[in-house]
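For reference, chains read A, B, C and D in written order, and residue numbers begin at 1 within each chain.
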Amino acid sequence: MLEKLKQEVYDANMRLPKLDLVTFTWGNVSGIDREKGLFVIKPSGVDYEDLKPSDMIVVNLKGEVVEGNMNPSSDTPTHTVLYNEFPEIGGIVHTHSPWAVSFAEAGIPVPALGTTHADTFYGDVPVSEALTQAEIENDYEENTGKVIVKTFKEQGVDPEAVPAVLVRQHGPFTWGATPDKAVYNAKVLEVVAEMDYHALQLTRNNSAVPQFLLDKHYYRKHGKNAYYGQNNAQSQGHAKKEVR
Amino acid sequence: MLEKLKQEVYDANMRLPKLDLVTFTWGNVSGIDREKGLFVIKPSGVDYEDLKPSDMIVVNLKGEVVEGNMNPSSDTPTHTVLYNEFPEIGGIVHTHSPWAVSFAEAGIPVPALGTTHADTFYGDVPVSEALTQAEIENDYEENTGKVIVKTFKEQGVDPEAVPAVLVRQHGPFTWGATPDKAVYNAKVLEVVAEMDYHALQLTRNNSAVPQFLLDKHYYRKHGKNAYYGQNNAQSQGHAKKEVR
Amino acid sequence: MLEKLKQEVYDANMRLPKLDLVTFTWGNVSGIDREKGLFVIKPSGVDYEDLKPSDMIVVNLKGEVVEGNMNPSSDTPTHTVLYNEFPEIGGIVHTHSPWAVSFAEAGIPVPALGTTHADTFYGDVPVSEALTQAEIENDYEENTGKVIVKTFKEQGVDPEAVPAVLVRQHGPFTWGATPDKAVYNAKVLEVVAEMDYHALQLTRNNSAVPQFLLDKHYYRKHGKNAYYGQNNAQSQGHAKKEVR
Amino acid sequence: MLEKLKQEVYDANMRLPKLDLVTFTWGNVSGIDREKGLFVIKPSGVDYEDLKPSDMIVVNLKGEVVEGNMNPSSDTPTHTVLYNEFPEIGGIVHTHSPWAVSFAEAGIPVPALGTTHADTFYGDVPVSEALTQAEIENDYEENTGKVIVKTFKEQGVDPEAVPAVLVRQHGPFTWGATPDKAVYNAKVLEVVAEMDYHALQLTRNNSAVPQFLLDKHYYRKHGKNAYYGQNNAQSQGHAKKEVR
């Protein structure tokens, strides 16, 4: 079942090591078939070189395995929460990519300091609160999803306009219209975290970009007036609708 | 038309990922035929692995597409301004290379701290002012070209002696006598930005090189008395004329 | 003799350059056959590309060469001490991997700042005291082993729960149930040292993770209640027993 | 003439890009035949991929080209001074490797902070004074050699025990008994500069290693009592004689 989506999720998982986003098996990508209400995710702890499309696990929106012989990613409950709470997303990525993790460990959002950021993220990439002891001891991965959702609600951030988060003391989750777009966003986050780290070390002054630059660059690549790329509104791994 | 220049511009574009200067499609190179008053530029948002020489777009000095089936780079109006205002340059490069972007985000020029810099750039690589809201909302890419030109005029910098700039909150543009030389300069800028970042973190003292060192190293590789390389005045991707 | 273990130790040694953990010949892996009381170690100063499984040297727990035509690693006495004092470990790795060395040079433990760390190391990776002049001048490599053991005893750290140390002014040693798991731990140490360096530069605030997060992530991958991977308690290159 | 040495110098030059020590053509290696009083050096500004053993230039100890159709490296007068003043060295390397250049730009010696350093360099790698205007304007490359020699004499450093220097505002020169050993030392310098940079950022405390650690590690690999490697006194690209 869902053979095409399994291939797509497999391909997206295999892009993670090629884009230098994972060490060992520390990453996972999932993708959802919204009509069927089922998502496909990487099995837990399998080396990328041993992975096959048929290894992908099918899970329903209650987080129950529907098909597959292996354990799904241990982060499956996090993906389940995000698919339920962010109904417009089609793919999710989790990695331990080092620059994004450094910001998560420091508890600092990845700030919008330039156009590289603004092309993909319409504002700072937020960092969640740390989970409490109770949240960690019981239903840890589900609570990880919940703290992400809470972060976006409390800070008033649109998860389509800023398709990424840092979980405090942990690392990045990104998402997108498709698994492939979620991987694209994971790479952009890593690149801008690297750039921002060095910019922040060069100057402690406030060097955040103004709102009008965010508007210009984000909508140059997104929404009905986009003019970057060959088919604009659909191009470059970004959401199609106007998010404003 | 301009098949040789298309090949040259294509080759120069393909060097960007090989030199680790671009992520995804975030870079573009153009080259001009001064006699015909036409320049050739990469199409917008096409993966480097899918790019072909015949995909290159031909544009006139009003910024109008003369030949080509795809959209030209969204930065085409910036290139148009630079070709008009800097009449001696033959090629232009734009990237989001991470070290140069970090300086652009911090709003700090890449300072001339050593001979690696002085061999190519005859002084600090300047950083432009940030664009205003009005400049961003209308004719953004054209205004990007204009703020570059303004930077060189106001700071009294010769664009042939310092063939690079950082656009504030954005990233680097470089140029040269040919597209290939502009790519060479883009790589040098990235390398010296990395060196300078670490030197600046090691010491906050003024460690700028003196003018006589700039003179020596720049003119060792440029101008009629150059003695580096095998054919001196023409060697190593630099302008031929004496810039002083 | 011990042909299977020689192959295993050879393979583990060859993973070091593939994982970017060594420059030139600056690393060594050993593995022990506990029943026979013999361990196998890389010869000293041989290029990785010239190394063969049959070059591995067999050493007894007094540190005497039992088989082999070449000199064993000059760090053999350190391995001997660790095998004698840490009876549950099956493999040992020493490298000069640059991020871990930077912490060793600075004399700072690699702090537990996030889940990437907690998945493998159940607390900070300790740094030993510097060796005294007498300890360096006589039996230097043996004393290196002794200062490691002293560090774990004095700080009350379980070497199975934290299978890594930084020797002050020198660099990292890691270990594990097998040579392969010791290499895995060497890579994790390098990755978390890189992440932690950048997190520490971003904020000097105390950003250590709480004990309950250490508990959760460590026991998600280790011990009888582990649920990461496909065969849990045995998965991912970690010790099998409950360390608490 | 000197075909074997040309091959050796060619091979050493070709290792520079493989060891990530050069960008473009920014490096050169030479090697000397002490009996004939002639040295062989890379031609100036030739791409590594185009270089052939027969392109190597033969130069005498007055710095005059004896054989070769191309211009020798523009740094040839620096090599000439070093061969004349340091009579025991057999090969010289110059690069613009980025970590070493950062220290040269900051004007800070690469300090002896750990065993990685002590294995090769018996003390801090010194940084020269900046050249004066007169020294730069006339006989610049010869004066570069002279300021290196002056640095070692004034600071009382033995160029065999510390086979490397940073020329202020410029970059590293290293040397050794052979061209290959000089390349080895160039790589070690780059690696320890990277480690030291990060250690210095982690702590501004004095973390220099004590003299007895320098003694132990340096003489573990050098001199008549060396015991690292398979043939000790001759191993690992270091001078054979006891330097103390």
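Just a few scattered comments:
What we mean here is this: a contact is a pair of C-beta atoms (placed from the backbone, for glycine too) under 8 Å apart; a residue touches a chain by one contact, two chains touch by 3 or more.
Everything quoted here is computed from the prediction, not taken from an experiment.
Shared contact partners of chain A and chain C do not exist in this assembly.
On superposing C-alpha atoms, the copy chain A sits rotated by 180° relative to chain D, to the nearest 5.
One finds 47 Å separating the Cα centroids of chain B and chain C.
Between the Cα centres of chain C and chain D there is a gap of 33 Å.
Across the assembly, chain A contributes residues 200-201 that each touch 2 or more other chains. Chain contact topology: the protein chains form a single closed ring, every chain touching exactly two others.
Contact between chains, using the touch rule, shows up for A-B, A-C, B-D, C-D.
Residues 113-116, 184, 187-188, 191, 194-196, 198-203, 205, 207, 209-210, 212-213, 215-216, 220, 227-230, 235-236 of chain B are the ones that touch chain D when the two sit in their complex.
Put simply, chain C touches chain D in their complex at residues 23-26, 43-46, 70-71, 74, 96, 98-99, 101-108, 130-131, 133, 136-137, 140, 169-171, 197, 200-201.
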